[in-house]
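Below are structures written as structure tokens.
Look at the two complexes coming up: chain A is in both, with chain B in one and chain C in the other.
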Partner chain A sequence: MQNAKDTFYMALRGRLAELNPARTMVVRGAVRPGIVVEENELPSAGTSTDAFVLQWTALKVDPHGPMPLAAMSCDIRYATDGAIARTTAGTTAGTTGNGGMDRGRMLGEMDAELVQAIEPRSAMKMNYAETPAAAMATRVFWSDVVFGAVKAVGERLTRTATVLVFAYQEAGEL
Partner chain B sequence: MSGANGLVAGVAPVTRRVRAYFAPVNRVTGAATIFDAAQSGGFALDAPPAPWVDLGWVKNFTRRCETKVTAMLAGAPVMAQSQVRAEVEATVSLEFERWGKLQLALASGTQQMNLLKTATGAAANGSGGVAEAAIALNPDSTATALDVGATAAAQFSVGDLVAVDVDYGGTTGYVGSWVSAGYVKSAAAVGANANYTRRVTLNVGRVAGISGGVLQLGAALPAGAPAAGMQVSPLVGFVDREGGSFFQEWSALFVMEGEQGDRVLYHYPRLQAMQGSTEKMAALAEPLEQVRLAGAFRALPVKDAADGEMVLCFRSYLPAAMSGV
Partner chain C sequence: MRAAAIQRMADALLRGVGGRSVKLRLPAPAAGGDVTEELGLATPSFQDVAMWPVAFRRVWAKTSEGKATEKELLVSAKTVEGMVGSLGHASASVLFAGAFGVLVDDVLLEIVSVSAAEAMGEVYAYRLVLREPQALTV
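Let's look at the complex of A and B:
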């Protein structure tokens, strides 16, 4: 199942980077596309803004078919305080003075990016434990995105979208 | 499970939606358009091979096999000795997600008529009053550019709908270019009206630009470049009726794209409408409802050139790469 989780994340990451190269974040000193998997990073009490944070939640495995079929629920959380100016390297440099009045638009941009990045809703399963990553024999596929309601925490807007990711467990796969 | 040779077990296809494609049946000869999955089964869904036309996604696609298999009984006590197909029948029902002239025509089951712009003072009529005179086309017209000349072009506006076809010539039989869109039982029945062919034709388009006496269409006319004698009639919309004697018939292809790269194709060379115009309402949020065109069709037989068997439908399966078979 780890290969399916990695594949889903890498598919989204590549697509988001293409859609909006300016959406970046600094993770452990490195500038990366603005999407992370929470369980792959150091624990943090803070909320990342203007980036997508993936959290794997429910898991169900149907063992009765020719290959076990795993269904994994992925919450995609994102938040924004409004427009932020970015340096050419893509790092946050401070507010633009919009006073957060564009936070709805910024959240809308992230909604739209996610809608686009989710398509097409399948990808060849890859084993990223190998270098270079190796294509496996089946494809990972996923459901439509279900968008949760916007929550306002102070002036910060947050949303959680959920995607159900499916993958067949190939022989010998963890 | 995958084996040492890299193959994985063949799994049941998982699909999201069904895509429908249309091709004409030559009603005069009864010749259907045959889809060869061996040659073209892997086509890109957005680019079907000619002459297939994309009808878009469909919902609630349902196939029904209504073939009756009965036993041949003999002996004492009577026992089943063999079986025969006493009746072979198949039907298809679906709802179109897209509204267009073709979808309307197929779902209506009978003639799908064009509401031609009426002549001044025309008496009211349910399927449109007497139409204004058609406009001749210059010979340099193409499937996307209708040269009507500067004077006639002034009568059109960007966004207008047009029907392009020949005048009705007083003969009986099927009428309509590209697709037989109706059947004329007698010239008297249609009032020997020259516009009748354009009233039922499926060869329609929308004006996307006007320049130099030429109407630029938003998409190519399905019948291609206008043939000699074709004229243009402006129209305001479409109308179909419950009743009538004509049955729409088409060659159909339905594709289910599997999530593993596998594909299931259903090819019905001849489908005839088996119900009148029907819609299904899909609730969006009170009081909003989406209106979907609903069609139901009965399959008619063709002879398979491989062995001469008369069949109604071909189901093809293209397995995913590296899946066991």
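Let's look at the complex of A and C:
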């Protein structure tokens, strides 16, 4: 299942970077595409705005059939405060460029990027624990995105979208 | 001049109330272009930097059943300013935001919030609210 989770993240990461190369974030001094897997970061990493945060939640395994089929729920959380200035350290300075009045538009941009990045809804499963990453025998595939309602906390708009990711468990795979 | 005097006074007070030493644990910068950390396959190395004098406000400790205890730590502003300068951070808030936690007697406490304590417009100490690990919760 870990290979499927890694594959889904890497697929989304690559597609988002291609769609909008300007959507980046700084994690411990390194500039990365604006997407992270929450469980892979330090617990003290804090809240990220203008980036996609993946959180793996529910898991269901169907043991019937030639190979067990795992269905994993992935919450994709993203938030924006509107136009922001970035400090040299890459953190949001909170000085809104236009009073945050474009926060709805910026959230809309992120919605659109996610809709595009999710297609096509499959990728060859890869084992990233090996160097170089090795292609496996089956594919990882996933559902449409289900968008949750926007939550507004102060000037910050947050949305959580959910994707159901499926993968067959190959022999010897964790 | 006035800032130095206020900071010296704060340091004297911190030492007077049993000032002790703790360590700020900072993660090493992420390896650019290496996805192993992004995938949780590799962990960053850490650097422990001593902070002295500091003092816990024990009367402030927040405890509630089933929840991790929170404590308040007062840290000398002079110490923090030295760390900000020597470690090349933009400000104290950036330094603490990037920290992994505070090591107190080999127990790592998470930093919940940071605020500056000021007198006459000068910062003399930083208040760190720290959360104990849940494994230590009784």
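Everything below uses one rule, namely that the second predicted complex is superposed on the first by the 161 of 174 C-alpha atoms of A that agree within 3 Å, B and C clash if a C-alpha of one lies under 4 Å from a C-alpha of the other, contacts with A are read in each partner's own complex, and residues count from 1 in each chain.
Here is the rule we use: a contact is a pair of C-beta atoms (placed from the backbone, for glycine too) under 8 Å apart; a residue touches a chain by one contact, two chains touch by 3 or more.
Keep in mind that this is a model prediction, so the values were computed, not measured.
Student: Does chain B (first) or chain C (second) touch A:P66, or do both, or does neither?
Tutor: first
Student: One more residue to check, A:E170. First (chain B), second (chain C), both or neither?
Tutor: First partner only, chain B.
Student: Looking at the overlay, what does A:Q116 touch: chain B (first), chain C (second), both, or neither?
Tutor: After superposing on A, A:Q116 lies clear of both chain B and chain C.
Student: According to the contact criterion defined above, which of chain B and chain C contacts more residues of chain A?
Tutor: Result: the larger residue contact count on chain A belongs to C.
Student: Looking at A:F141, would you say it contacts chain B, chain C, both, or neither? Reply first, second, both or neither.
Tutor: The first partner, chain B, only.
Student: Which of the residues in chain C come into contact with chain A in the complex?
Tutor: Residues 27-32, 35-41, 44, 89-90, 94, 97-101, 110-111.
Student: What residues on chain B touch chain A, complex-wise?
Tutor: 1-3, 6-12, 14, 16, 259-261, 320, 322-323
Student: Going by the contact rule set out above, which residues of chain A touch chain C in the complex?
Tutor: Residues in contact with chain C: 6, 9-10, 13, 27-32, 36-37, 39-40, 42-44, 46, 87-89, 91, 128-129.
Student: Give the list of chain A residues in touch with chain B in this complex.
Tutor: By the definition above, chain A touches chain B via 65-67, 69, 121-122, 137-139, 141, 166, 168, 170-172.
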